[in-house]
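If you scroll down you'll find the structure; I have some questions about it.
For reference, chains read A, B, C and D in written order, and residue numbers begin at 1 within each chain.
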Amino acid sequence: MLHFDSDYMEGAHPAIMKRLMETNMEQTPGYGTDEYSNSAKEKIKKACNAPEAEVFFLMGGTQTNRTAIDGILRGYEGVLAAECGHISVHESGAIEAGGHKVLALPHERGKLKTKTVEDYLARFYQDANWPHMVIPGMLYVSHPTEYGAIYTKAELEGLHEVCKRYHIPMYIDGARLGYGLAADNTDVTLSDIARCCEAFYIGGTKVGALFGEALVFTNTKLVPHFFTTIKQHGGLLAKGRLLGLQFDTLFTDDLYMKISRRAIERARELKAGLKEKGYELFFESPTNQQFLIMENKKIEELKEKVSFGFWEVYDEKHTVVRIATGWATESADIRALLKLL
Amino acid sequence: MLHFDSDYMEGAHPAIMKRLMETNMEQTPGYGTDEYSNSAKEKIKKACNAPEAEVFFLMGGTQTNRTAIDGILRGYEGVLAAECGHISVHESGAIEAGGHKVLALPHERGKLKTKTVEDYLARFYQDANWPHMVIPGMLYVSHPTEYGAIYTKAELEGLHEVCKRYHIPMYIDGARLGYGLAADNTDVTLSDIARCCEAFYIGGTKVGALFGEALVFTNTKLVPHFFTTIKQHGGLLAKGRLLGLQFDTLFTDDLYMKISRRAIERARELKAGLKEKGYELFFESPTNQQFLIMENKKIEELKEKVSFGFWEVYDEKHTVVRIATGWATESADIRALLKLL
Amino acid sequence: MLHFDSDYMEGAHPAIMKRLMETNMEQTPGYGTDEYSNSAKEKIKKACNAPEAEVFFLMGGTQTNRTAIDGILRGYEGVLAAECGHISVHESGAIEAGGHKVLALPHERGKLKTKTVEDYLARFYQDANWPHMVIPGMLYVSHPTEYGAIYTKAELEGLHEVCKRYHIPMYIDGARLGYGLAADNTDVTLSDIARCCEAFYIGGTKVGALFGEALVFTNTKLVPHFFTTIKQHGGLLAKGRLLGLQFDTLFTDDLYMKISRRAIERARELKAGLKEKGYELFFESPTNQQFLIMENKKIEELKEKVSFGFWEVYDEKHTVVRIATGWATESADIRALLKLL
Amino acid sequence: MLHFDSDYMEGAHPAIMKRLMETNMEQTPGYGTDEYSNSAKEKIKKACNAPEAEVFFLMGGTQTNRTAIDGILRGYEGVLAAECGHISVHESGAIEAGGHKVLALPHERGKLKTKTVEDYLARFYQDANWPHMVIPGMLYVSHPTEYGAIYTKAELEGLHEVCKRYHIPMYIDGARLGYGLAADNTDVTLSDIARCCEAFYIGGTKVGALFGEALVFTNTKLVPHFFTTIKQHGGLLAKGRLLGLQFDTLFTDDLYMKISRRAIERARELKAGLKEKGYELFFESPTNQQFLIMENKKIEELKEKVSFGFWEVYDEKHTVVRIATGWATESADIRALLKLL
């Protein structure tokens, strides 16, 4: 049985497992105050070219988003996001549970245009009734987006420019950041990401870690007492070193980027094979997620042999499925899949 | 200076003021446990033909919506509403502040189609990822809508039918309910409203009261300890009798409907006059709110003589303005306005 | 039947009713943007000797507390308050519903000692675990307290001094502020109140208004976008002028203090009469609330003739009852009550 | 350097690490829908003698408490807990952030007396003002308590009996449940725990797991859509099998109890040694946490050689320190510690 449902179906990269084993019986202080966490933070700041940044480790994407956004926003503020943004749709209302409206914007494959954000903000303050409305307090952007699309450097700079003009912070959800930075033809580096926002997170769960996300605040004044906010949100890991160790490993010898590139290479092999076979891609994705229009009959036929992620209904006879490669995908898996299709 | 900005620019109907004066020095117990409140509740239940209902008085629309919705929903649930619904746009995120997402639906002049709601619910539970999403826990409907449109009895029954099939309560925001029930060609009565939902409120603020809304639960099991919920939301008036007295007056001798009809009559006079003058209505509204496409130049020209409500930008040279008649509008006011236009 | 349960059993002072009647059919813009509200705000700032302050009108005490406190605090902060504080006990968890813990402190008849607050803050930051705890973000003080006690000027200054040292704002709940300022032997004036805190409210509901509280921010940077916060909390009155008119009246010709002094005079008459009759006061209160230890038998015996507020069980045979005088209490009422006791 | 600060200073029991390694490259579906999680749930239900129960895995104690309590309570309800309860003090206001007040009760070493709870509930409903107060909606009990004390079976039954009489669920925080069940002279078994409450959790973080808690609902109607509630709270682990695998291992061959008993054996050795040396225990604890009154001078002197948990200031010259043994503590560690003291 082949599984291409998602990029979080295996455990962790072997290098991580090795270090967890080696350090297992060591005693360290709790809550991320250990040396492994400190070391990981330093490496991340260096990789981001952001020596003044502050780094916090959390356990998962939704937890990171809700904690960061709740920490950033005041009670009367909401967060601008694409209609299909993870926080808009697939976090069970975590942002609203914290008291904040997600102000949904139209998008293209998950990408927001600078103009869309700019127009929203301009019109908002032109509306005489704005004090009766939720005040846009930050911008949420996914890179790559939920559709696997990526921004160019100029696009990120454009969005950030608008945010700065309106004095609102920009936040980047990097659940799959590695796959974005390793994507085909991207001109965006990790230090561009750090430069183009006030806060972002580097996803670990989907890029080689057992679990964990590294939240980076490049504007450290944004969230006083964030440790307490994490604790309040139930996001503080007692054995914080588990996160430290994982990110320390991922940010040693460029492992994070190496395994990200590997997944992109597999995606390229997949795309080439699909095109050869005449399959229609739902759209052209430069990252590790590929979206394929498949006959329902075919999906049914293959269901004992290969599993995909359900994306959306295409028409009565077709479904869009998601095929995700990941750090653990082998070329042999891709070949086996192509053979079945 | 003429004012047509809204239907809450005056104080209260003289009959209400009279009773407030007469009873001013009486001593009554607080928090709505007085005889005037009891009497008003009985009259409302009778008018609604809902002897088993429970009635609560609150102070304003946003307060009523946020308290009722927060009382009805569980933490994991959201409220379905039109994209232009008052709770979606003009309550500063009050619903989200209570922890709940407003699940915005497309609409026509504020009206939701049965099919829109039905499709949303059907598709929601077809999506394999629904447990990761906000569960639709109730339906919010405005009658009349924010655009002054009204539902037919069959439409309300249709919406209610879908709600019952999915076991979610339906709630009607009746901020201008009187004007809806008195509208041109409506077949909806107050007892239809009570029958077609689990909870609704009868707006007082915009229909003759100084302030106040009567929230009616026809399903009394929906919200245990609702008194405590009101208190928690800051909606419990110490001198609760003020609300009781107002609604007791409005529901004596059919005053609520009489003054509502009066406002509709004024709106008819206005529409007739506007058509005669060749003005273009943004759309045909059967209630007390009329939406007019005006040249910006004209608005500017008149601004010392008459004020309107800003509705939306129409094009570069035109604006949609709202003209609201109300219980206090006189035919003479309409004539004066028409003369200016 | 005599009623001494509370100080909010009647309507409003006749001067207020008169103005509401006179202005009833006037048209004014909504939400407190009218001239009456502006005038009232100016008069209040003058009476407070705080020309730079900002004033907002809300509808009731719980609403004011929850809105102000939620506006002031960040998510990780709680509010220090006496264990018996209104927000601690009698607001149905309104502060917690906004996400904030009430950090309860021991008190004496509702009064907090400077040392109590100081010790709490000092110990808090000495505790190595403080980042895992709710961070004290403001101090809530009632003046008069829920027991009718009052602070001296030096005591308020002392509390404020501690707050300033720890960079947290001090907030005074003045639900019965008039009765505190008119109390026997007080050295505290309205301008002392304004000087000794960052925010406070002047209670109207219990001091002559139909309803309404005037919230004063002497530190105007404390709460950006507070209008929006009020709206979100359901505290924005459509016909905001109703609040403006009431406070404008109360702050014309010193009416607020005049009627407050009147209530204190009645309380003095009551105390003198009770002592004469050998009744035991639960404690000596300088304000309009008196607490009397009564035999349950006696309460039962009188229940058709006079009503009191229940305060607490004293012992098996006795109950502490609250007798509240108010702006509307007449000497004749006191005499009639004393005759019965 | 010896560390006795807490029971979460090492990684996981070697048997857990072994299985994580063995299964690392397997692909499983996400969010706890995998076979390891199912197997662990079955084993836990069996160990609890609660075949009808529902089990959910979460990542940490605060997260479990806030998610469970928020799932159980309605908006107008609060949770009864000891003043020193973990939710009362050391969760940064996580319960209040969810909108609920922690109703703090006096305790003895963290234990609540049946009478304390009973009296609170009885008096609550006797107070005429209760509808203005937070309604007690559940009882939170820690077993063992934060002070390492344990309830007897009769005590747990007594508390549960009161809860049932008042129709509120009882919830047991079992962060250190294993150490409680393995304690000296306890008559409480895991199936007693399951029988004496509606919900509880079996702590993994402090008892052999890398991280993770198993939340058991014996009343499965208590929390509809709890999966969605977990997701909303940021508590849903993408690679849910990590939790499943850990608990499956802990509940195979009685490992959970075996390692718990081991920690208690170490605590016994410690206590015996301390008494021999004339040290004064702060109180007699039957579980893995011991509280020792130490001279500050001595603590300072030893700080390069051994670390303790700070508990509280005893007097100017003494501090109460916590010494925690755990599943990983060796007799040699205890001997080394005793040698230093």
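One rule holds for everything that comes next: contacts are C-beta pairs under 8 Å (C-beta built on N, C-alpha and C of every residue); 3 or more make two chains touch, one makes a residue touch a chain.
Predicted model, so just to flag it, every value in this text is computed and none were measured.
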Of B-C and A-C, whichever chain pair has more C-beta contact pairs: B-C
Reference subunit C; chain at largest CA-centroid distance: A
Centroid spacing, where centroids are CA-atom means, of subunit B and subunit C in whole angstrom: 33
CA centroid of subunit A to CA centroid of subunit C, Å: 49
Junction residues of subunit C - those touching two or more other chains: 75-76, 91-93, 97-99, 131-133, 228-229, 231-232, 236
Residue numbers on subunit C that touch subunit B, as the complex places them: 3, 5-6, 8-12, 14, 17, 20-21, 23-30, 59-64, 66-67, 91-94, 97, 205-206, 210-211, 228-229, 231-239, 242, 328
Complex contacts: residues of subunit D adjacent to subunit C: 75-76, 78, 89-93, 96-102, 104, 128-129, 131-134, 310
Parts of subunit C lying in touch with subunit A, wherever the complex brings them together: 70-71, 74-76, 98-99, 131-133, 135, 224-225, 227-229, 231-232, 236
